[in-house]
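Next up, some structures in structure tokens.
Each of the next two complexes has chain A plus one other chain: chain B in the first, chain C in the second.
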Partner chain A sequence: MTALLQHIIDALSVGSTYALLALGLTLAFSIMNLINFGYGILLVWGAYGLLGLTEAGLPFGVAVILSVVGVTLLTMIIGRVAFRPFIGAPPITLLITSFAVLQIVQYAAIVAWGEKPRIINYPPAFTDVLHIGALRVPLLEIITIGTAAVVVLVYFVILNRTPLGSKVRAAAELPDMTRLVGIRPGTVQMTVFAISGAIAGVVGVLWFAKSGAITPRSDLEPTLKAFIAIVLGGLGNTRGALLGGFALGALEVLMSVTLPESVLGYEPAIVFAIVIAILILRPSGIAGAKVNPA
Partner chain B sequence: MTEELLNVEAIEAGYGDTRVLHGVDLHLSEGEAIAVLGANGAGKSTLMMTIAGIVPSRAGRVSYGGEEITATPAEERVGLGIALVPEGRQIFGSLTIEENLKIGAACLKHRIGATAARKQVDEGIERAFTRFPVLGKRPNDSGSALSGGQQQMLAISRALMSSPKLLLMDEPCMGLSPKLGNEVYDILKALRSEGQSMVIVEESSRRALDFVDRACVLKVGRKVLEAEAAELADDENLLSAYFGIDQAVEQQ
Partner chain C sequence: MNLPISFQRDRVPGLRGLAGALVGPLIVAALVCLVAWVVYDSFPSMQIIVLLFGINLVMVIGYQLFVGSTGIVSFGHVAFMALGAYAGGISAMSVTEKSIFLPELPGFLANLELPILPAMVFGGLVAAIIALVVAVPLMRLSGAAASIATLGLLVITNNVLNQATALTHAPQSIYGIPEVTTLTWVLVAVFAAVVISAIYKWSPAGLRSRAVRDDEMAAEASGIHMLSARVWPFVLSAFLTGAGGALYAMLLTAFSPQSFYVPQIVVILAMAIIGGINSISGGLVGALLITALNEVMRRIEGGSSLFGLHLSAPTGISAAVLGVALILMLRWRPEGLFGSAELQLGRDDRRKPESWKGQGLVEAPPGPAVKSNK
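Coming up: the complex of A and B.
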């Protein structure tokens, strides 16, 4: 019983980060058809920002806020400079652009921070373990789940309860009609880059608390996980993305618990096999719905 | 001499490699209403979308209120006073009725400032709900929950939220029962009596001729006829000659 509870908390915590990543990515897709392979590198830059700021002696909380703001701005700048000129082009053009962006931003990280793995000095709250009876819960898992809940809540409030949010929903549904009522596509696009960037910033803080060392190439894993979650959930659909993220988290925990040691190394292959199987059975993902950012 | 409101000159437009409009002229004075008639695929919607700025014009010019707007993007034209009620209504299904109305006034903040805009939005919503009580009864229902007739009422109301000088109506009765179609026309007539300038697109409707000043006929992207509405209404032969088969079908 305790073991089960433990696994559920693990799965929720792992799933939370995947779900948030999938949320940020799928929003950009639902508005701009942007499949962004440069999403993970934003987390990396956020983490380097956090590293630099804490090493400079800033209090951890302040450093977190500044790094999230920094990633948000970086995402908006990339969006404005690199992606906006290609919006409306076929999705493949944007996808290739995102590879180019990834290269540039990644090399910038190599130049700025070197390739040697670096470690952020997280405060004890991120490393302590809570003992509840026989249950051992890392505080980081609770922070992760709690943060994800808040981010998702804020996301839905912004999208469903603010004028800016209704513009974003309108643009995802009927882009031409949205222009016809006088809404500039640029406004909507920048809003989306900001939201998507802020999510990447938040996830970056959590991600490297769990995974430890940062290198300029640490972006691959979060990007891959986000894409698997999105594919599972159905591209462009928020609820699906969240569901896909948690499903992937559960799947990973399930495998780590049930698979024998000798097979564990093949975990990624098994995950991809399952993804392919699901896509064959349900081509539009497990949620199986159409594009819907809220 | 009345003020010129809209002047479309020798406009050419299309999609990708297909050219749809081959040099179309359209002139409208302030307070006037004109019907654009034509068969399926004649290019009527394309013409409306070109005037509204969604479909770019490849040649020719569009001016509005004396200013050239050929290169003005769609999102700025509504701020100038051009509002389109598009074919198929294009209601935002994921937005509520009230949000659909509010978004129709999105250009106001920029044009008249936030405070004045908020006031005008409230007034606009009230006017819409007075005009269409059925919408006011359930302002928080999503647009996708509405029937075709209700969506058309909402689409008209949404367009009116920006207090347009020029209202473009693309086949407002499409998919509606004759009874609902008549209701839509009653509303349009009421707007006309308030002096609303209007371009109305219909495939081949007598109803439109009743309340517009002039009408023109598009045929495969060219204007083949333009006359006073009364003249056309009197001369059925002239009209059916241009409509050919469509009109014949309607008369059966």
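Coming up: the complex of A and C.
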């Protein structure tokens, strides 16, 4: 029983990280057809920002806020400079563009921080472990689940309760009509980049608290996880993306518990094989709903 | 000057047209290979770069064969390169070396010791067989979903190669592959790849593939089987890429699964897209340009003086420069330098095509995008 509870908490925590990753990507797809290969590198930049600011002596909380703001701005700049000229192009052109953007932003990280792995000094709240009876719950898991809940809540409030959010939802549903009633596509796109970037900033803080060292090439794993989650949930479907993230987390924990040692190494292959199978059997994802940003 | 050559998207009908269309890309290949040969001969320090360039030509032709025929941008071809490199490399390794480095190899592989040409074919065949197995499910997908699925193929292949230590010695490098790749073999491979690719392109099967690429519904309505129009270019392309991988293995002699992963995609992608994804001639020229660019960047990484300016940059700048080149190209000339045009022998008697526009990725045919759920 305790073991089961332990696994459920693990799965929720891993799943909420993936759900946030997917949330940051999926809105850009429903508004702009953008599947961002360079999403993981935003996390990396956020983590480097946090590293630099904490090393400069700023309190951790302030550094987190500043780094999230920094990643948001970086995402908006990249979006304005690199992606906006391609909006309206088929998804594949944007996918290649984002792959090219990744090469550039990654090189910037290499120049700025070097190839050597770096480690952020997280406060004890991120590393302590809570003991409840026989249960061992790392505080980081609780922080992750809590943060995810807050971010998702804020996301839905922004999209459903603010004028800007209505514009974004309108643009996702009827892009041409939205233009006709005088909503500028540029405003909508920049809002989407800002939301996407802010989420990347938050996930970056959580991701590297768990995985430890940052290198300029740590971006691939989060990007792949995010791709898997949005494919599982159905491209462009926000609720699906969240569900896809949690499903991926549950799947990973389930596999690590049930698979024999000898097969465990093949976990990434198995996960991707499942993704491809889902792409083929249910192209609209496990949620299978229409495009729905909120 | 009135040379009997032309640039056009479609070939002139008839046998003479076919011959002209086959010779055209061969002329481009000959010119590109001539450049390679001159550099190889005059700068001994550049020999390895020229050999790698030749191998990249094979890769680009293989990549172009698939992407040009189907319009699906693959992020997974590095997987075929890896499969070809391991299969070809292991098959070429001497039996004694194998008993030292890979003692757990299954019997038939342990006793195999092939010369370079059969090893290349073996590498290509292994990649092609895997491609055939995965193509049937994968090629049902279109657009960005297909691209993500090919990326998945790369992740799976990398994972399996890393885990299959008995076959690959991973995660460490594999050693002991004979260094037998020579300029002659590389050039033979390049020309063979061009011939295979051009024959496919102008064959009825190739035409069917491009029909599905341009308008899936109309093609299917005229009786073209969508799946086979995509599966065969995929398999053929995997064969060429695998053979190129085998050549690569027999040049470098030591590598690990990490030598074939996501960072390696950008080079082939940039070569093919900058040259013109729908053109064999374009791919060849694109490969030449990107290799030259890469070489300049490599010098800058090493620190060098250019026009009195001292330049140096941390490793990895070539990927960033390729990124910039890709974005500029997609922005200003998405169809690539050559568009869909192919150099052909024989004058173009017909009306000129209005423009190359509309052949690039940006204005690609409407095809069912992933957003079919909208």
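Everything that follows uses one rule, which is that the second predicted complex is superposed on the first by the 294 of 294 C-alpha atoms of A that agree within 3 Å, B and C clash if a C-alpha of one lies under 4 Å from a C-alpha of the other, contacts with A are read in each partner's own complex, and residues count from 1 in each chain.
Everything that follows uses one rule, which is that a residue touches a chain if its C-beta (ideal position, glycine included) is under 8 Å from a C-beta of that chain, and two chains touch if they have at least 3 such contacts.
No experiment lies behind these values; they were computed from the predicted model shown.
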Which partner does A:174 reach: the first (chain B), the second (chain C), both, or neither?
first
By the touch definition at the top of the document, which applies to A:156: first (chain B), second (chain C), both, or neither?
neither
I want to verify the contact counts: of chain B and chain C, which reaches more residues of chain A?
C
In the overlaid three-chain picture, which partner chain does A:182 touch, first (chain B) or second (chain C), both, or neither?
first
Once bound in the complex, which stretches of chain A touch chain C?
33, 35, 82, 85-86, 89-93, 95-97, 99-104, 106-108, 110-111, 114-115, 217, 220, 224, 227, 231, 234-237, 265-269, 272-273, 275-277, 279-280, 283-284, 289-291
Per the contact definition, I'd like the list of chain B residues that touch chain A in the complex.
52-54, 73-76, 78-79, 83-84, 86, 90, 92-95, 99, 102-104, 106-107, 110, 158, 162
For the chain C and chain A complex, residues of the former touching the latter:
73, 75, 137-138, 140-141, 143-145, 147-149, 151-153, 155-156, 159-160, 162-163, 262-263, 265-266, 269, 273, 313-317, 319-320, 322-324, 326-327, 330-331, 334, 361-362, 364, 367, 369-374
If you look only at chain A, which of its residues touch chain B in the complex?
163, 166-167, 169-170, 172-174, 176-185, 292, 294
